[in-house]
Amino acid sequence: MFSRRDLIALAAATAAIVGPGRAARLAAQDRLSEADLLAFKPVGNVTLLHITDLHAQLLPVWFREPSTNIGVGEVRGLPPHLTGEAFLERFGIARGSAEAYAFTDQDFVELARRFGRLGGLDRIATLVKAIRAERPGRTLLLDGGDAMQGSWVTLQTKGADIVRAYRALGVDAMTAHWEFTYGTERVKEIVEELGFPFLAGNVLDTEWEEPVFESTAYFERGGVKIAVIGQAFPYTPVSNPRWMIPNWSFGIREERVAQHVEKARAEGAQLVVLLSHNGFDVDRKLASRVAGIDVILTGHTHDALPQVLQVGKTLLVGTGSHGKFLARLDLDVRDGAIKDFAFRLIPVFSDAIRPDREMAQLIEELRAPFKAELERTLGYTKDLLYRRGNFQGTWDDLICAAILEQRDAEIALSPGFRWGPSLLPNEPIRMEDLWAQTAITYPQVYRITMTGAQLKDVLEDVADNIFNPDPYYQGGGDMVRVGGLGFTIDVEQPIGRRISELTFLKTGAPIDPERRYVVAGWASVNEGTEGPPVWELVARYIEERKEIAVPRAGLVRVKSA
Amino acid sequence: MTDIKPRIKVPKTAKKGEIVEIKTLVSHVMETGQRKDAQGNTIPRRIINRFTCEYNGKPVCEMILHPAISANPYISFFLKVEESGTLTMAWYDDDGSVYKAESKIEVTG
Amino acid sequence: MNWSSAANRRTVIKGMGAGALAIGGIGWAIEPARADLAKAEKLLKELIGAKVPQEGKVRLEMPQIAENGQTVPLTVSVDSPMTPDNYCKAIHILAEGNPEAGVCTFKFTPASGRAEFSTRMRLAQTQNVWAVAEMSDGSVWMTKTEVKVTIGGCGG
């Protein structure tokens, strides 16, 4: 149904969006069925299935897509840097439809109540099994990483729950990012336990500069030799604690990617797939510079795109996060090239899809030892709690307010993670929900003093990691969240000039560059950081109140072109 | 620093005319001469300042190192092997010490 | 207002929520170092005299963002046949923003077979690194690449 004849030209000469949405049809029907979600006119001899950035969400979630997702430089206004109405308009999705709910923040609470949660690995298993049955011997299931972080169960089992679930699901290969935060030894164990390839061609040892992991796995599907090249998150040792993996070095390593592609072609691969955790903008640039990649399955930046984006001859897929979507890309591969394709990003509407019984049982088994802790209710929220977006989400505001109070700090800093599901107004807040925002291996809340000048430096540095006009210099993630602090950010400026009007919210006075402020925050990448785990503080804060109305902990004014 | 011992990775064999990669590591603090100790005194510079490589006594390459080269200097480079022979390498310390390593390469086929 | 410029941040900030400076410990003195183009340009003149480097032939591979400013890998290669009458004689590495502009000089012979070497270097701050190649025919070629030394991002 979606073919390359349906090309819609985009503003950028190198990039084009391909294929119409299914919005019109879905909009007409409130009640979705499994058959609707699986509806797909197959094409060719290969079916790629892709999930990424599951963040250990084995159960269905609410997940509000961002209201702010700014693209700078050449990608300004291009997908995935579209939100809300602009997104709906670009992809022809009707407001108030099921797809509008899945793909955007529009009317989120109302539509959430209408269409229910998305995701759940048992639902994904049902879809995968159905597609495999429809396309026997032709289907390849790939995971883009960040599967083993984001829940209490996965933190406590160091990813073992996901290893079991993915083995049961029949994942064919994966790459990684947060998986590395379990440290060198555990990652080596995981690689052994998976029973399928763990691919990371861009990781070298820091001693001899030699590969640590397999870069490429070969598969035969529908008579086509497929090379899958894995690209782990290039800035893992910058964004996450390097001391946990001191002997491994990452990076984009464009030349090395090109070498892997050449080698794959030399080995007879007719289809070359990059299973990437680079982030969308990095992959878009990579696709324009490295020849010979047929498909990039993107990850890291959590962008859900209803259509394939084409850069030169390379197809880019954006599969979203948290199990909300399963990407299906059918390919007609002949003579070492893609002759035709069809694509659908299937929203995993949990109410419409029967849970796969075996997977549902396994999930229950995996959660059983932790059930009581997970279900401990702390209070309830009057307001929508969400995180995703370039700047402060309400979950972050809550975390920052808790840190300010519980650590008696003047200013709070909270990392701009892109993961963490949402909670609807009037829902209980359980420990499981809080852990879904905070469960990491370095959760200590530090308390230090910093000068105003240092604070500005931090904001400038993080802002450049997000808004550097060259994607290769972007570290991923969203802007650091703040409590007790207000600032203006002009994303178009260079480093050192983006942040202005820093305001100390307690007094309303400008932040003094010379004065020292008491700053508390969590997720420091420094070894030996001391403090209580962030979830303890936030849990206490919620329990002491029972009812949470979201306090605006930080104020950010955004300037952009 | 009497225990300074270079480590090298050199292929044992090569085809005639083959270009092979040589990798080397030497444990060395590479003290920049810019740091101060707890008493505020400048810690004197001490680095490996030069590296040389010869094959059968003929020069292959040479490197001049400044304090910006990281501790435990890593150097890798290439050699075109036309005949069997011995690769000899030397690292020159600021303090006058010279650390040496050698390895044989046999031409096959 | 007296904001320090983000480009010359040298203080080690312990326990940052956003990440941590990769600088400190062994290495350069903890004192402000400003990107000093003049220093690098002066050194370049000392190395190649009055010649004007041309763009091209040289490829300098470095990470865009350093993981650890104390040890940043670099690989330089020069497009050259490496024959006795046409080869790359030397590659100089210079840094704009380090206390000293000189990093290293690598001298080749035709026996090298390939004009390429790798090493690891210290970077005191975000800056451009230069690679300058001198060829046997007297021509000089050059490239620059920027490496960011960052406090850290927010890890996706």
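For the reader, a short list of remarks on this structure follows.
Note that the chains take the letters A, B and C in the order they are written out, and that residue 1 is the start of every chain.
By definition in this document, contacts are C-beta pairs under 8 Å (C-beta built on N, C-alpha and C of every residue); 3 or more make two chains touch, one makes a residue touch a chain.
Since the structure is predicted, the reported quantities are computational estimates derived from the model, not experimental observations.
Because contacts link each chain to all the remaining chains, their graph is best described as complete.
Across the two candidate interfaces, A-C and A-B, the one carrying more C-beta contacts is A-C.
Spacing of chain B relative to chain C, judged by their CA centroids, is 20 angstrom. Centre-to-centre separation of chain A and chain C, using mean CA positions: 33 Å. One simple way to say how far apart two chains are is to compare their mean CA positions; for chain A and chain B this gives 44 Å.
Across the assembly, chain B contributes residues 74, 76 that each touch 2 or more other chains.
Residue numbers of chain C whose C-beta contacts span two or more other chains: 71, 73, 118. Of all residues in chain A, those touching 2 or more other chains are 209, listed in ascending order. Put simply, chain A touches chain C in their complex at residues 146, 177-178, 206, 209, 233, 235-240, 242, 249-252, 255, 279, 300-301, 413-419, 446, 448, 450, 453-454, 456-458, 460-462, 464-466, 468, 470, 472-480, 495-496, 513-514, 521-526, 529.
Those residues of chain C whose C-beta lies close enough to touch chain A in the complex are 1-7, 9, 11, 13-20, 22, 61, 63-68, 71, 73, 118, 126, 146, 148, 150-156.
On chain B, the positions that touch chain C within their shared complex are 19, 29, 32, 34-36, 55, 58-71, 73-80. The part of chain B that touches chain A in the complex is made up of residues 9, 23, 25, 74, 76.
Residues 26-29, 70-73, 82, 95, 98-100, 102-114, 116-122 of chain C are the ones that touch chain B when the two sit in their complex.
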